[in-house]
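First chain written, first letter: the chains are A, B, C and D, and each begins at residue 1.
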Amino acid sequence: MQIAQDDLRRMLRLMHTIRSFELTAQTLFREGLAVGQFLGALHSYEGEEAVAVGVCAHLRDDDCVFSSHRGHGHSIAKGADVRAMMAELLGRESGISRGRGGSMHMFAPEIGLMGGNGIVGGGTPLALGPAFAAQYRGTDQVSVCFFGDGAASQGVFHECLNLASLWKLPVIYVCENNLWAATTPICDGWPVADLAPRAESFGMAGVAVDGNDLLAVYEAAGEAVGRAREGVGPTLIEAKTYRHRPHCMVIPEHRPEDELADWHARDPIARLEGHLLREGAISDVELADLVTEVEAELQAAADFARESASPDAATFADYLWA
Amino acid sequence: MQIAQDDLRRMLRLMHTIRSFELTAQTLFREGLAVGQFLGALHSYEGEEAVAVGVCAHLRDDDCVFSSHRGHGHSIAKGADVRAMMAELLGRESGISRGRGGSMHMFAPEIGLMGGNGIVGGGTPLALGPAFAAQYRGTDQVSVCFFGDGAASQGVFHECLNLASLWKLPVIYVCENNLWAATTPICDGWPVADLAPRAESFGMAGVAVDGNDLLAVYEAAGEAVGRAREGVGPTLIEAKTYRHRPHCMVIPEHRPEDELADWHARDPIARLEGHLLREGAISDVELADLVTEVEAELQAAADFARESASPDAATFADYLWA
Amino acid sequence: MRNVTYIRALNEAIAEEMKRDEAVFVIGEDVADCGGVFGVTAGMMKRFGRERVRQTPISEAAFTGLAVGAAMAGLRPICEIMYVDFATTCMDQILNQAAKLRYMSGGQVTVPLVIRTQQGGGTCEAAQHSQNLEAIFAHVPGMKVAMPSTPYDAKGLLKSAIRDHNPVIFLEHKLLYETKGEMPREEYLVPLGEADVKREGTDVTVVATSLMVLRALEAAETLAGEVSIEVIDLRTLVPLDFEAIAASVRKTGRLVVAQEAWTSGGFGGEIVRRVCEECFDALVAPPKVVGSADVPMPFSPGLEQAVLPDADAIVDAVRAVA
Amino acid sequence: MRNVTYIRALNEAIAEEMKRDEAVFVIGEDVADCGGVFGVTAGMMKRFGRERVRQTPISEAAFTGLAVGAAMAGLRPICEIMYVDFATTCMDQILNQAAKLRYMSGGQVTVPLVIRTQQGGGTCEAAQHSQNLEAIFAHVPGMKVAMPSTPYDAKGLLKSAIRDHNPVIFLEHKLLYETKGEMPREEYLVPLGEADVKREGTDVTVVATSLMVLRALEAAETLAGEVSIEVIDLRTLVPLDFEAIAASVRKTGRLVVAQEAWTSGGFGGEIVRRVCEECFDALVAPPKVVGSADVPMPFSPGLEQAVLPDADAIVDAVRAVA
């Protein structure tokens, strides 16, 4: 597949934005802890950036994304404002969900970001909704759901595969198989090596892809989105990847060191950079500039978040009813 | 597979017992209605007798069966007393569940009958329990769960396949695919023709069998039970069959006449009788005697049920707590 | 004025709203071919086509989740769960998703969803087909909860629920389906959150819901001349028209709540709590809740009647406080 | 006497019972490798082996159902659901199966199961990780419901729960885990169904559960000299030690219930109902329930604190009725 170099550079930038977002968020979290303030759960997407970016590159603002507990990457890739996201992490009124949602519940429906989910697998049936709506209205929108290998053991996910396949809904399920579900290794969660046959057993397309290879993800997602838009039906993509950090901020690292080292060596950002450098699509200087810019952007986001006001406590009952 | 003729005759008798039970139950139900008495739900197993009988023939009293809403056949095949079952249908104290359960909740744990279930798919995770217990205790018991094609669309069923496969539990899932779920045809429920690939996608054995052919069911179940007892792991059996009656007593027939006729021509009882007659394993006279005996048994059961006392209304709070 | 059944009233409400608004569609098990097992959506498929009357596999979690997601995308799903008892298989979609999405998103997402289901005992369907679970839905903030007792209210409330921008759980009662009532030929709405005084009285306030409104009216007849009962039909639990209750209690000084749900831990206790907090001084006798005995529903008809509250139970409670 | 944490107390209870009875085993997510994300089962795997400490895929419905079935087969599972919020994904196994099997079977089946989970807010984990759902479990008959507030009670109640022949839902509180309390070295049990007077007083009865017991004791300190509060810790909602409440209310004539769950429709209303029905004449002031505001839990710390009831809220309520 031919990808315009501009597009690749844009995607690289997004991947850096995600990584930088996570690093900045961790700093804020530790700052908060230092002053005795809980800031809830924080699940880093570092290491998995190619998945969100490669998939969302094919989406329009009127396509929907349903995210998971590990949702910062999906949100940024879908186009969310990192300032509003950062403010959300601090529970500010300027946050992307007005401080009501926090890390796991970032919403921006105007760009198709339909929220993270604190329930593992919780997004899988919701994602059927906009896909159904597109089919119902005869439009060509698609709906994408990101979830983990752990979520693939939730029953509802299988109901969704069945229904999506039965009704040929324009939905794409993207399983981010990072080999771990919290502290449980994949061998204690899956009796099989691959998820694609499961999709096939429901009569639907299933593919596996190297989730650390942006080009591979981009290509697989492009096909899936194309098929969905054309009304051919849903696709399940299993992206094999790895998270660089522990499950969340409060659970210590428990994974084997050599496994970690192994996967760090397969870092999706370094890999894409290597490709772009080799192809002459970016220079060392441009790369350094890009990183500097992104870091500045995230610093500005952190400042914006810190300086933003918290919601007035008296407004706790707002936004329940429409 | 060689099956002793005695065993075949015993199985034929059980199949007749089930059919006769259903016919008698329908009479009682209509009698009840005639005097303005509700008797709840009644789901006939007529037409599917070979499945329950062929599977349960391999089970001991200390093996468990988890049944469905359409559970009379499973109960009889597992060895339940038809008098107590009939009394249960009339809500008598002498009923198999003391009149507390009714048609959908027949229990006889001393013979491994762990109950029907009013929740479609409800038995699927429960069945993992005794299988787990057998593995935990190092015994060779197996656990069997019967459920319908409709239930195969419940999420929890897939969680069960995953867990059973992962832990190699001695459980056998028997899907009675009778082509309909209430008034919904299989084509509106399944996007695929077969269930076995689904089991395989979880790394577990899956087989399809002609559910109207007792010999085929008996053989497939024998292998599955053998594998489970030996600790090799679980099996999913899809038995293709058909119910002769509407979904339940209060829903009118909605299926195409030619489909009905087609399946009546494949009646599992007539088929087994034909086989036995051809093989000289039974004579016409013996067959007639068998039917007469079974009918008499069921008449006696109906009489027993009618004559049994209803529970004392003051005891409604009994049996909640152990 | 016409005299129509509760089923017919519901059917008309759905048809009228589907005609009025293309975004309205029906989804659920058996809803197309037989119009739902209780016939509420009978004729819809013929009239509006299969695209708008979507018959699903037995996958409550997936299709309820789809409905939530479709509502987020601007459609107005009417999602039928056949029995409220089966809502246990999609509680996550109801309590954690539908009820919370708007709030978690800081008001950005709207979920204009109606979940229709029916509840209640009296048909000998035993413990898994006879529950009254309104207290669960009313306790968890974010869902409106409707419980119509008459055809008039059923139609008017359902139309309002469909037009409401919030998720509404619409709880019908299986024993009300065949009841008849007066209804204008012209279009009308019954707003959510307005109780209705079904009978005026001066001595004792009876607050009732669903089928128990009819029982309360019977009790009022029985006691006519002895005690004058004011029967308040809440119609919706959320929003709760507490003013209507308070006004009546301030007049009568006596309160009996009649619910079919289990007496303990039900919504009746909530009404007693509110009345105590807001009109304690008006009370001249202890408020009382009449409900089902705190046991799973037994199958046997005599036991079931012993468990269910009837008009006599209300009569007794009224006499006890009058 | 020793001073140990609530976590440690739970850990000891489990270890002691596993040692005492081979039928006891632990099942749940992450329970082996990290001892559960809160560390309650830390060290168990090492001590009792992987067979008795079963770490599962993220399949709450399957493993909870397995636990129910294993209990039916005579084992004594301790099933951990990581957050009570996730119980929505296995409500069927809890409410329709575990709670009802014994009754539906006419007392033939026994379900000696403990479901351990933790609930509560205060950690900025937002709407899907902060709920208090005890009212749901207490309303549906068939489960015992425990809510310990101290390490002493936690240990003694959990040991009783494990030995109980009925399903028990054991609700811990995430903010109690690190609290410490006195505990004997010798073995002891705390029976299910006995409330504990945590502080004697003469003016106002405060009935509290879980973390709110600590808040009530704070309130009592604050008000010492002004109002004498009697703090009753229910310890279990089912069975409910109503006599303890009644005895206190007969003495004080004033009742405040403190629960962290949403104020409306919670178990507090049930206590008010019972008190009104059985000791109305003793009441000299309106009973009051203090609970959370009726909204999903907001993420932002200031909003969360505005929603949660604290000691001040109890002080205010006590002053209002004193």
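Keep this in mind: contacts are C-beta pairs under 8 Å (C-beta built on N, C-alpha and C of every residue); 3 or more make two chains touch, one makes a residue touch a chain.
Remember, it's a predicted structure, so these values are computed and weren't measured experimentally.
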Chains touching both chain B and chain D: A, C
Rounded Å distance, chain A centre to chain D centre (Cα mean): 36
Whole-Å gap between the CA centroids of chain A and chain B: 46
Approximate Å spacing (C-alpha centroids) for the pair chain C, chain D: 30
Shared-contact residues (touching 2 or more other chains) in chain A: 95, 97, 99-101, 105, 117-119, 122, 153-156, 159, 162, 166, 188-190, 320
Per-residue multi-chain contacts in chain D, two or more chains: 57, 59, 61-62, 85, 88-89, 92, 96, 103-104, 126-128, 141-142, 294-296, 298
Arrangement of touching chains [line / ring / star / complete / other]: complete
Chain B partner contacts - residues on chain D that touch it in the complex: 25, 51-52, 56-57, 59, 61-75, 92-93, 96-97, 101-112, 141-142, 165-166
Parts of chain D lying in touch with chain C, wherever the complex brings them together: 85, 88-89, 91-92, 94-96, 99-100, 103-104, 126-128, 131, 135-136, 138-142, 261-262, 264-273, 276-277, 280-281, 285-289, 294-296, 298
In the complex with chain A, residue positions of chain B that touch it: 153-159, 162, 165-166, 188-192, 197-198, 200-204
In the complex with chain D, residue positions of chain B that touch it: 64, 66, 95-101, 105, 107-109, 114-115, 117-119, 122, 124-134, 136, 143, 155-156, 159-160, 162-163, 166, 318-322
Touching residues on chain A, where the partner in the complex is chain D: 37-41, 88, 91-92, 95, 97, 99-102, 104-105, 117-122, 150-151, 153-156, 181-184, 188-190, 251, 254, 310-311, 313-317, 320
